[in-house]
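Each of the two complexes below includes chain A, the first together with chain B, the second together with chain C.
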Partner chain A sequence: MPVLCSSCSEKRAVLKRPKTGHSLCKACFFWAFEEEVHRTIVAAKLFRPGETVGIAASGGKDSTVLAHVMKLLNERHGYGLELMLISVDEGITGYRDDSLETVKRNQQQYELPLKIVSYEELYGWTMDAIVKQVGLKNNCTFCGVFRRQALDRGAIMLKVDKICTGHNADDVAETVLMNILRGDIARLRRCTAISTASEGDGVVPRCKPLKYAYEKEIVLYAYFKKLDYFSTECIYSPNAYRGYARTFLKDLESIRPSSIMDIIHSGENLSVREGVKMPVQGTCSRCGYISSQALCKSCVLLEGLNRGLPKLGIGKHHRLHEKILSQQPLTEQEERKLKSVDF
Partner chain B sequence: MCQVEEEYHEQLERVDTPSASKKCVKCKEELAAVVIRAGDAYCRKCFRESFIHKFRAMLGKTRVIFPGEKVLLAVSGGPSSCSMLSQVQEGVSQNAHKKLRFFPGIVYIDEGGALGQCKEMRQKTTSELCDMFRSTGFPFYILPLEQVLDLPGSVLTPSPLSDQPGSAYKAAVDLFLQRGDSSSDGKAEEQECVSLPAVQESHTWLLQQLIGSAQTLTAKQDLLNTLRQHLLVHTARTRGYSKLMQGDSCTRLAVKLLTSISLGRGAQLAQDTGFSDCRYGDVTVVRPMREYSAKEIAYYNHMFKVPSVVIPNLDTKMPDKASIQRLTQSFVTKLQADFHSTVNTIYRTGEKLQTADRGSSAPEDAERCVLCVCGLDTAAEEASALQATLISELLSQSSVPVKPEPPATVGQCCSSERPCGGAEGTDDCCRSSRDHEATDLRSLLCYSCRRTVRDMSSVDRLPQYVLSEAQRRQNRSAMKEQISEFLLDDADEND
Partner chain C sequence: MAAPVAVHLEFGGGAELLFDGVKEHHVTLPSQSEPWDMKQLLVWIQRNLLKERPELFVQGDTVRPGILVLINDADWELMGELDYQLLDQDNIVFISTLHGG
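Moving on to the complex of A and B:
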């Protein structure tokens, strides 16, 4: 005898929710998923009516589902938002150009305006060129830092009020674990926040409406709704340190499916002792972007790339920031240390 | 690499392969005998000195143990706790330089009943340990875990601290020195001639039922830890010990930190892994071995012949994915092999955390978890993970009230051994009668204890003291609700 949906108790259940273990039919699952995102948005007061919201779209499953759900909820509940798609082209052949095609298709399907910003036009470097200089171990640092700024620049060009990204519960849990493994107390406090602080001119606040949605449920949603997305791993990512945290999280999930929410709950309830040194927010002296040091990270990384010193930016080099700012040449010893790259 | 705090030194470092002809880095005279971290080679003497010094420095800088206090050492028989025992033994002995000024006792909890060990095995282990303890000269107590079933409910309520504020440490030391050492010798307890306690079969059976009612190994281990902790605190309390020393090493604490995060114990992290844990009020749990890595302890025990006993645990010989604790342990160990600063970094991160929202004022009875006696962290605020989980559960079920008889298919899966598809005590499971009790208990538990109890097939198996304490608290809160309009302000309940 088939199992009935535990919500409507009429139709046959076609899937089991990874989050709670209940068996649901398609319609009830769609409704539960969308309703949860809606409640997250309302409870956290993410948007105000009349705002322009940029959806960070990469063509992957998270951003495709995010675009779909945002459009649906905007219409269903009357948020009054104007939605746009922002996409970043990192210049990774074989990966990014394929996923950008998916974004362009999404744009036509959802009838949303699209803006693509590329590393090439913003920084003068593509990820392919960066990897040739840096190697395969630290490249994710470059990509992540550059992408953050690229999204902000794209948002400012489009004049949006907020950016929303497709980070899901698995991403947030992974970030909590990774920050503990790296000893990054400052980020540990901030990483479970659903939206970033919204002060400053050059900064567009960003939020994560899918923060409490499991990755598996996002895939289930996309599968049953027959959404079109691009599903390959970045070719440069296999050696990233994050991979360890990800494997650990996947194993945890297989032992106890609720551990993802448990980790997010732990992260939300962490508090730092008084007297622990925290970075202070300021602005970069060169480009004016938000930064806690004299030079923002992307300026430091770019400087390293342009001078042929790829390790400048990996590790701490406060003392060198002043030197870079004032255009002084670095001593030979410093140069030698920064040049060495192991593949 | 990948550590935020990584500093690059001035020169390129060349990795020195340790060789037998290297000199000790400390005294630079003797040949090195042991390499702790890459580049740190010590000779026997310097290693021993630094090991002992670390222990004393730990006790000295935290100033938690007052002179003349009675301190109970919780020894599990494993290398860390036996090392701690030998350190204390050394420190208290008469010919020690600056001898330690407290009075130690030893306690060992025999968990063989929960693990299903046969009686002979348990006798053998306990008599081995008995001989080891007897040779130290301290009073010792060997208790079977079955005694946890007879504990009073007062274990779960923190007793008020007897007047010993931290700032009076210096004054206390001076006072002790003035009274002179002669009085202290008389206070040392005579070693009790303890015969190994007999364990009733029925108690063992009850204990096994209790542990067996937890359906996942994670929940079993969590429950076992909680029960053991209760018994230790109770022993300390009844025998007049105000401090309980546990031998968790740095490695063990790093694993515990990650495990706690994975179990949802972020709010209680500082108490679980910090140096001192004051949740029980009059008995403070201290962890003096927390700066020693497991490797250091192993080397020390081997070189200086510290005896220890191998005692199996619930997750011994289990595969990696058997429980969260086991998985985390293997994850950290493997990561440490590739990235040598992993354990240290995790440990330092833990040091910077504190208990959320609670300053020096201890929360009242009603705001503590019934099982782990930590503050509750289940205020489901707007836009929190807890609220999101509750909403998900709500949306996945029908809003129609529960039908009297559950559908046949779901009924089938309830009679089988494994839990019904992970649906936790909800109405599609034929536990509606016990559901009422389970929900009542849940409101008195913190997030992670709720999760553990959810994995248990029946709440009745919990020991009597937990259930009666829960009942008492519920009665009190019902009383408080009735008279709430007449209470003037939040009167202090801890009178």
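Moving on to the complex of A and C:
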């Protein structure tokens, strides 16, 4: 016995929304999904007319849906934005080269300009080469840090005013959980922000229009709209810490679907006790990028790679940064600590 | 005795990798006395189609959380999930959401 759409009461419902429990037909689902993103954008004042916005596109489900919906809403509601696609090539054979083909198809399908920046040209290191040196345990740290900066560089090359990424509700909730599990108070306080402010040279403000969109709905939107996206797990990610948070979150969602929104809500309303030591924002002494330490994470990781000391960026070795900046040699003991790698 | 049931199965979102990369499968479930339901279909799939790492597809009696199931293009949550009784020519889609975006 088919369930009728709770919105139009005419057509057969095709999904049950985890957020609200409502059953919607295809057309009403598309409308609800798109208009919710529109409300998110308007309520948080994410864009201003005339701005150029870079959509971070990987060819995956979130960024493909983001590109599709941004273009649609820009036209439907007259945002007055100039949209572009920015893609990062981390140099992961068999994963990124395939998904980049998808982005190139997206470029044609949505008729948007595309800029691809690669780790190879920016840092002289592909992820394939990094994993060979670092192993399979902490490689995601390198990739995430490098990608953040790579997106900024691409955005500056394209002269965009803002970047938007396809992070969805599940991603944000996972990040909240991860920061709690790791005791990272500073990140816990920042991680639910829907947009970052523009802080310093070389940093382009970025936002997450899909912040309140459930991953399930993104996948179903893409499926019903027959959007072209690439779907494979990154070959280097199986041991990523986020995987644990993700599994936990999925189990929670299956018992109580509103958990995802509720976790985000908890994260948004946390306040930090007085007297808790928080990092102060400054700039990197070497490259000028935003940083809370003398050297930004990107410079530290790169230094570690170039010197054959893969653990330099992993773990807390802040005291050694001064030594490295001033080009002082490290003691044998210090070198040994930084060389050991888990595979 | 119920007649054999022909169903079209589709695997997407990366789930197809557990089935030798084959996305579409046309299968005929053998006839049996009670009607086939989704719970039994999952067991059948695990036994007859799943090529590797069952823990990535099933968890206990049901699919692994993060795998969406559509029956004739509708969310299986609307159709009774595991209790839904299969009809001849039904189209079942399994989409994995567990990958980068």
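Everything that follows uses one rule, which is that the second predicted complex is superposed on the first by the 342 of 343 C-alpha atoms of A that agree within 3 Å, B and C clash if a C-alpha of one lies under 4 Å from a C-alpha of the other, contacts with A are read in each partner's own complex, and residues count from 1 in each chain.
In this section, a residue touches a chain if its C-beta (ideal position, glycine included) is under 8 Å from a C-beta of that chain, and two chains touch if they have at least 3 such contacts.
Just so we're clear, the structure is a prediction, and the values are computed from it rather than from any experiment.
Applying the stated contact rule after C-alpha superposition, one finds that A:72 touches neither chain B nor chain C.
Applying the stated contact rule after C-alpha superposition, one finds that A:116 touches neither chain B nor chain C. Looking at the shared chain after the overlay, A:287 reaches neither chain B nor chain C.
Of the two partner chains placed by the overlay, chain B and chain C both lie in contact with A:251. More residues of chain A are touched by B (comparison of chain B with chain C).
Once the two complexes are overlaid on the shared chain, A:12 sits against chain C while remaining clear of chain B. After overlaying the two complexes on the shared chain, residue contacts for A:23 are found with chain B and with chain C alike.
When the two structures are aligned on the shared chain, A:235 is found in touch with neither chain B nor chain C.
When the two complexes are overlaid on their common chain A, residue A:177 makes contact with chain B while staying clear of chain C. After overlaying the two complexes on the shared chain, residue contacts for A:203 are found with neither chain B nor chain C.
Once the two complexes are overlaid on chain A, the chain A residues touched by chain B in the first and by chain C in the second are 3, 16, 23, 251, 254.
Residues 12-14, 17, 64-66, 68, 70, 73-75, 77-78, 93, 95-101 of chain C are the ones touching chain A in the complex.
Only residues 2-3, 12-16, 23, 58, 60-63, 166-168, 171, 215-216, 218-220, 223-224, 231-234, 237, 246-247, 250-251, 253-254 of chain A touch chain C when the two sit together in their complex. Residues of chain B that touch chain A in their complex: 1-8, 10-12, 216, 218, 257-258, 260-267, 269-270, 320-321, 323-324, 327-328, 331, 335, 342, 345-346, 348-349, 352-357, 377, 382-389, 391-393, 395-398, 400, 407-410, 421-424, 426, 428, 447-448, 451. Within the complex, the chain A residues that touch chain B are 1, 3-4, 6-9, 16-17, 19-24, 28, 31-32, 35-36, 39-40, 43-44, 137-138, 176-177, 180-185, 188, 194, 212, 241, 244, 248, 251-252, 254-259, 261-274, 276, 314-317, 333, 336-337, 340.
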